[in-house]
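Everything on this sheet refers to the single structure shown next.
For clarity, chains are labelled A, B, C and D in written order, and residue numbers in each chain start from 1.
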Amino acid sequence: MRVPPGVSASDFAEAIKQFQEAVGKEWVFTSAEDVALYRDAYSPLMGEPNELVASAAVAPDGVEQVQKVVKIANRYKIPIYPVSTGKNLGYGGSAPVLSGSVVLDLKRMNRILEVNERNAYALVEPGVSYFDLYRYIQEKGLKLWVDVPDPGWGSPIGNSLDRGGGYLMPQYRNHFDSHCGMEVVLANGEVMRTGMGALPAAQTWQEYKSGFGPWIDGMFSQSNFGVVTKMGFWLMPEPDAYLSGTVIVPRHDDLIPLVNTLNYLENTRVTNGMPDLASPLLGIPMLSEFAARFDQGATPFDRPQDAELTALIAKAGGNMSPELDDYAQKKGIGYWSCKLSFYGATKANAANWAYAKEKFSAIPGVKFEEGDVYKLPLTAEQREKVHKPQFGIPSLAMFSIGARSAMNPEPSTGHMWFSPIIPRTGEAIFEANRVFAQAAKELGLPFLNFNLPSTYWERAFIFIFAFPVVKDIETNKKNVASFRKLIQVAADHGWGEYRTAPVFQDAIMNTYSFNNHALLHFHETVKDAIDPNGILSAGRYGIWPKHVREAKS
Amino acid sequence: MASRREFLQIGVAALALPISARAGLAPAISSRANESAPTPLYKVIFDERFASSRAFAGEGKRLGASIYGIKGDITDLWFNDLDARWKKKPVGIAGLTEHGPLFCLERLAWDHGMRVVYRADHTYRPDGYMEHELSGSERMLREAVDLSSSGPDWSSRTASLLTRCPASPAQASKMTVVTPTAKHADDPEHLVSWVIAPVGAARKFSRS
Amino acid sequence: MRLPPGVSSADFADAIKQFQDAVGKEWVFTSDEDVDLYRDSYSPFWHEDEEPIPSAAVAPDGVEQVQAVVKIANKYKIPLWTISTGKNLGYGGSAPLLGSSVVLDLKRMDRILEVNDKNHYALVEPGVSYFDLYRYIQDNNLKVWIDPADPGWGSLIGNAVDRGGGRTPMRDHFDAHCGMEVVLPNGEVMRTGMGALPGSKTWQQYRYGFGPYVNGMFSQSNLGIVTKMGFWLFPEPEAYLTGTVSVPKRDDLGPLVAGLAYLMNSSIVLGTTSVASPLNFLRGDAELAALRAKPGGPSTQELEHYLQEKNMGYWSIELPFYGPAKVVAAQWEYAKEKFSGIEGATFKEGTLHRFPVDPKELPQFQNSVAVGIPSLSVFGVGGTRSEGHVWFSPIVPMTGEAVLEAQQVFADAYKEMGMSIGPLFFLGPASNYPRCFLVLFGFPIEHDVEKNKKNRENFKRLIKVAAEHGWGEYRTHTAFMETVMDTYSFNNHALRRFHETVKDALDPNGILSPGKCGIWPKSMRKASA
Amino acid sequence: MKNARVGLLLALSLMITAPAFAAPDQDQIEKGHKVYDKWCFPCHGTGLGKPGTDSLAARGQKPAVLEERTDLTVPAIKTFVRHGVLFMPMFRKTEVSDADLDAIAAYLTRNNKP
């Protein structure tokens, strides 16, 4: 049996025995076979000696059991690594940052404690998945939508703590922002409730976020300061109707006014769904059509099959070229497009879309395509054809991207996401493309012609690249090295990543270095104070307990 | 009908007790100014809703002051006028208003090194008398005794008084005057007359 | 001169000298008359020894000077009480919680560092007021709104870190911020969110950055001094429309509030509204007074009948809509449809305003703050001669049942305390925050020691009554912070003990704002408990 | 890693060669159906956006929907669930317990010919 670093075999054996007493023998996993289930299925270190792996796993069934486990871990200074549903694929899965940690698997804590229709919120445990919550709401016939990320099997708590995003209105698709109220088991084993939850008889734990005094919920996101055992989420009331429409602009430089107008419309709440950028000319599809295209066996990059265009795109690289503009004009193909979504009253949606068109009309040559209009709820037939997360329906269709398909006969075994935040301007999109195309060239990466950012966040763009994880160790090594270089390239341009897998957490935290790493030092001071034995998720997001820091230096 | 002999009560006259800033009056800060020279008043502020305040403004205008009417809210006066003016150079203002406008103007003036140098709280009592609680320099209070012979004209007398307010109070004092005064129907129960003037204090927060 | 607790006069004199070296002699205030200006204008301790008066005030003009002051304070263990513009009236103003602290006055740091009207944000220093930013935006003809607090002279930063609220779609002020610069208790400067990335391009566009999101720790706290903060702004919309919904029966409050919650949670209503009842402003009406005087009080039916005769609803809410002119009309139409399920509901449409608004239209706004224009008009409301007020401000659920329950519970509590529930009771229930109601009670401050003493006891009693019913205060006056924090006691005060652990680690000398929100440094904890 | 891959190869070969004599009881099949709906259907079910089904279809597997298969073996099912394949991750015992997995296997082999 693998033993956690710095723990004697006998202490570990004793701890395991106590874990078994705390949670039941069958919920402590120590056999190689069982522990292997906690490996990161998409680990770029798969099969290498430095792959991040657990020594054991413990699965408590309630907050008292979590407290017991934490107290035992303190007693023997055993590093523990909580996961909710362990489905953070592409960002580390269920494997710990510090090899040899004991995974604290919260999947069994899957109670949906409350769903309130009138005030549109839910209170759940970490093992609850988006599917679970969705099913519960459907079974009760509640008129509520859950904002789901692309893969629906993850945990609302896990996803929001890792600050993931979805597709509905801005305040819902920012999953951490949509939470309200937490229960946390601290490193000393004590239970704490935040916000109004600190008031013993609280009536508004899920209605007012910050309570009284310092609002500390954010400390438990992307961190290792506590084990979140309950969390409230604001849900979106089912809207009256949905409408979409697409704006198409003809020229390369039109992306700048396109984004500026989009910002105005989104920030005034004229459009309240996730805007979806695409390029008909370059064959960059909308995110919402990505998965659907795979289903239909089409390539996601289905630019017109035209030798002239292919040559022009290759020539331009990540840059602007007048020839492409000319080609787009000549063929009447839009250079860029943006699909807008509207959730609300039927007439208000129509009026908002009409107003959006009026605003975009300032761009010469702009064209509009009417999209879907649905009175909600969707019919069964409509449900089949829509991009489900845009209607609050969890799905796993996004995995089609990596799946074997006619276009992808030799699929990878996984992926890792490189995801820098860039400004929400057309200029930034151009600059990022130039910079990353150049970097890709230097690194010998087979990058695609042009990348468009995602719009999960209401005020910033996020530029997501998928690095494949394959069976071949050498290829993975090269990809990991390239990933590290890109982190630096991005940081040099003032772009930082919003989230990453454990392999890169130190490297990225290292770029957030203002004033000699003041922020990291702050985290370390807090970490040492509230987790003096350094038992919780050592190394997560670059925060190491004191003894590890000292051993390293 | 009861004989309405004028009633004069001077309470705690010239009590030289330091008055807290909260009370709206800072004690003497410097005596550099010539006590006899009146504070130049940039604006005299009145509340258009109240008869006494309108009478006050009429008298002020007659005496050559530049008057400015508000309806409780000083936002427009300060934001579109005083702020820019005070950033250039602090200059005095006076008024007869409710407490709220004075409260705001006083604090805004602090940031330019100005203080309330005279304040009188005028309160209609249910017994048909008006109570004038005065605080300011001894000289002002001496002059304010004039209010003791006032009736409904108290507010126009106040206007005249304020235009004679010295630039800087030598010493802060308090005094109360009570006179029989019929309440105007549209007056509130409590009004306050005041002068805000530069006193040469260090605490100036404006960035020029 | 007053001395901070535990500091010798020699040390204090040294510290003052060093403060003077750090910020300039004229920016260290020690005379009584200067220090008096930092007293709380609305102190509930008038004429009492307990009034927490500062010993001095220091006004730095930049982050380096703040750092210097903090380092000196550490050296001599001098408690600092940070204020931005010091206009937090009703919640403590510019006075410290701990008497004889040195006020760190950030008013001179009033630079507007950036206003971006393509991505709609601003980056400011703590001395910048709503008026300052509004003027800057007007002068530069930028098409963005700010969301002022009701009194516009306060600081954007100060109000946001005290978690104040406004009225426009950006009304949750702390939630609308993006990115901070903080001077920590050890004097170091830290930037949060994307600001930790040197040369960051998105400090004001993405709030979380990477790793733990710590910004909330600097709200209602004493863990750092915020020296810069970014705010998201609302782009000027095309139009604004209000519509008032009135319902005839007391029991209609349930569906009325449920409808409101739906509209707010669906982002159809984007601004602050509050539940009103004519019974509040008809207090002087003789007929109503007669009804009230009846033994046992009027029945609900009698009140409903009385209002019906006057052609008034029992409850009403005024819904604000922001957006394109045709959209706000469609939203109002949809809202009417939603509320038409309540029998006897009536609707009244307000005037449609288009932006930029003609200054002549301004007086038509009951409160210009709802359309992003700062004001001081709240001070012009008048009424009886008042020496100020402190706010009792519990959060109650956004349901009709909760409002009725709160009304009953607080009316009973007032009665027991021998107070009549003041006309201020119905400031709210208001939706300054997205999912709940805020109820504001103004407690008058008087120049009467006995009355204030009684009021303070009553205030504390109300805090307890509210807590027993599961309603906690969202913010409070310095005089009651300890009492309020006491009620947030889940699991033997686990949250406060967590704060204390963090406080001791970050501020071992306990120099920053001791006692704020009930958090005391280790050295003072026992004394205060 | 090595173990996982070896296991996988083993499973693949078992799938082809091993006879599948499954005679589970009806309760077990019904339970398996429920667990399958929760854990497998989102990827391997019918309809659009089912990557598992699409992937097997692209590989030439007929039928591509697992529920319609009659050639799956219990060991193969268990191996895929516990080791994953390509982009499909493995499933932990807190998600699909051994008992659940037995039930899934019973369900997916219900139509196998002896």
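To be clear about the criterion, a contact is a pair of C-beta atoms (placed from the backbone, for glycine too) under 8 Å apart; a residue touches a chain by one contact, two chains touch by 3 or more.
Since this is a predicted model, take the numbers as computed values, not measurements.
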{"item": "Minimum number of chain-to-chain contact steps, chain B to chain D", "value": "3"}
{"item": "From chain D, the most remote chain by mean C-alpha position", "value": "B"}
{"item": "Between the pairs A-D and B-C, the one where more C-beta pairs touch", "value": "A-D"}
{"item": "Chain C and chain D: spacing of chain centres that average the CA atoms, whole Å", "value": "58"}
{"item": "Averaged-CA centre spacing for the pair chain D and chain A, given as whole angstrom", "value": "28"}
{"item": "Chain B and chain C: spacing of chain centres that average the CA atoms, whole Å", "value": "31"}
{"item": "Centroid spacing, where centroids are CA-atom means, of chain A and chain B in whole angstrom", "value": "63"}
{"item": "Residues of chain C touching at least two other chains", "value": "none"}
{"item": "Pairwise touch network: line, ring, star, complete, or other", "value": "line"}
{"item": "Pairwise chain contacts, counting only pairs that touch as defined", "value": "A-C, A-D, B-C"}
{"item": "Chain B residues touching chain C - in the complex, by the definition given at the top", "value": "18, 20-22, 26-27, 29, 70-75, 78-79, 83, 98-101, 103-104, 107-108, 110-111, 121, 123, 188-190, 201-203, 205, 207"}
{"item": "In the complex, chain A residues that touch chain C", "value": "118-121, 163, 169, 171, 176-177, 180, 186, 190-194, 196-204, 206-223, 225, 234, 236-237, 239-240, 260, 263-264, 267-270, 272, 343-345, 347-348, 350-352, 354-355, 421-425, 428, 457, 459-460, 491-500, 508-509, 511-515, 518-523, 525-526, 528-530, 541-543"}
{"item": "Chain B-facing residues of chain C, complex", "value": "26, 29, 32-34, 36-37, 39, 41, 43, 46, 59, 87, 107-108, 110, 127, 131, 135, 152-153, 374-377, 379-382, 384-386"}
{"item": "Footprint of chain A on chain C - complex, ascending", "value": "118-121, 163, 169, 174-175, 178, 184, 188-192, 194-202, 204-206, 208-221, 223, 232, 234-235, 237-238, 258, 261-262, 265-268, 270, 322-324, 326-327, 329-331, 333-334, 395-399, 402, 433-436, 467-476, 484-485, 487-491, 494-499, 501-502, 504-506, 517-519"}
{"item": "Complex interface listing, chain A residues touching chain D", "value": "27, 29, 32-34, 36-39, 41-42, 46-47, 51, 57, 59, 85-87, 89, 93-94, 105, 107-108, 127, 131, 152-153, 291-292, 294-295, 384-385, 388, 394-400, 402-406, 408-409, 411-415"}
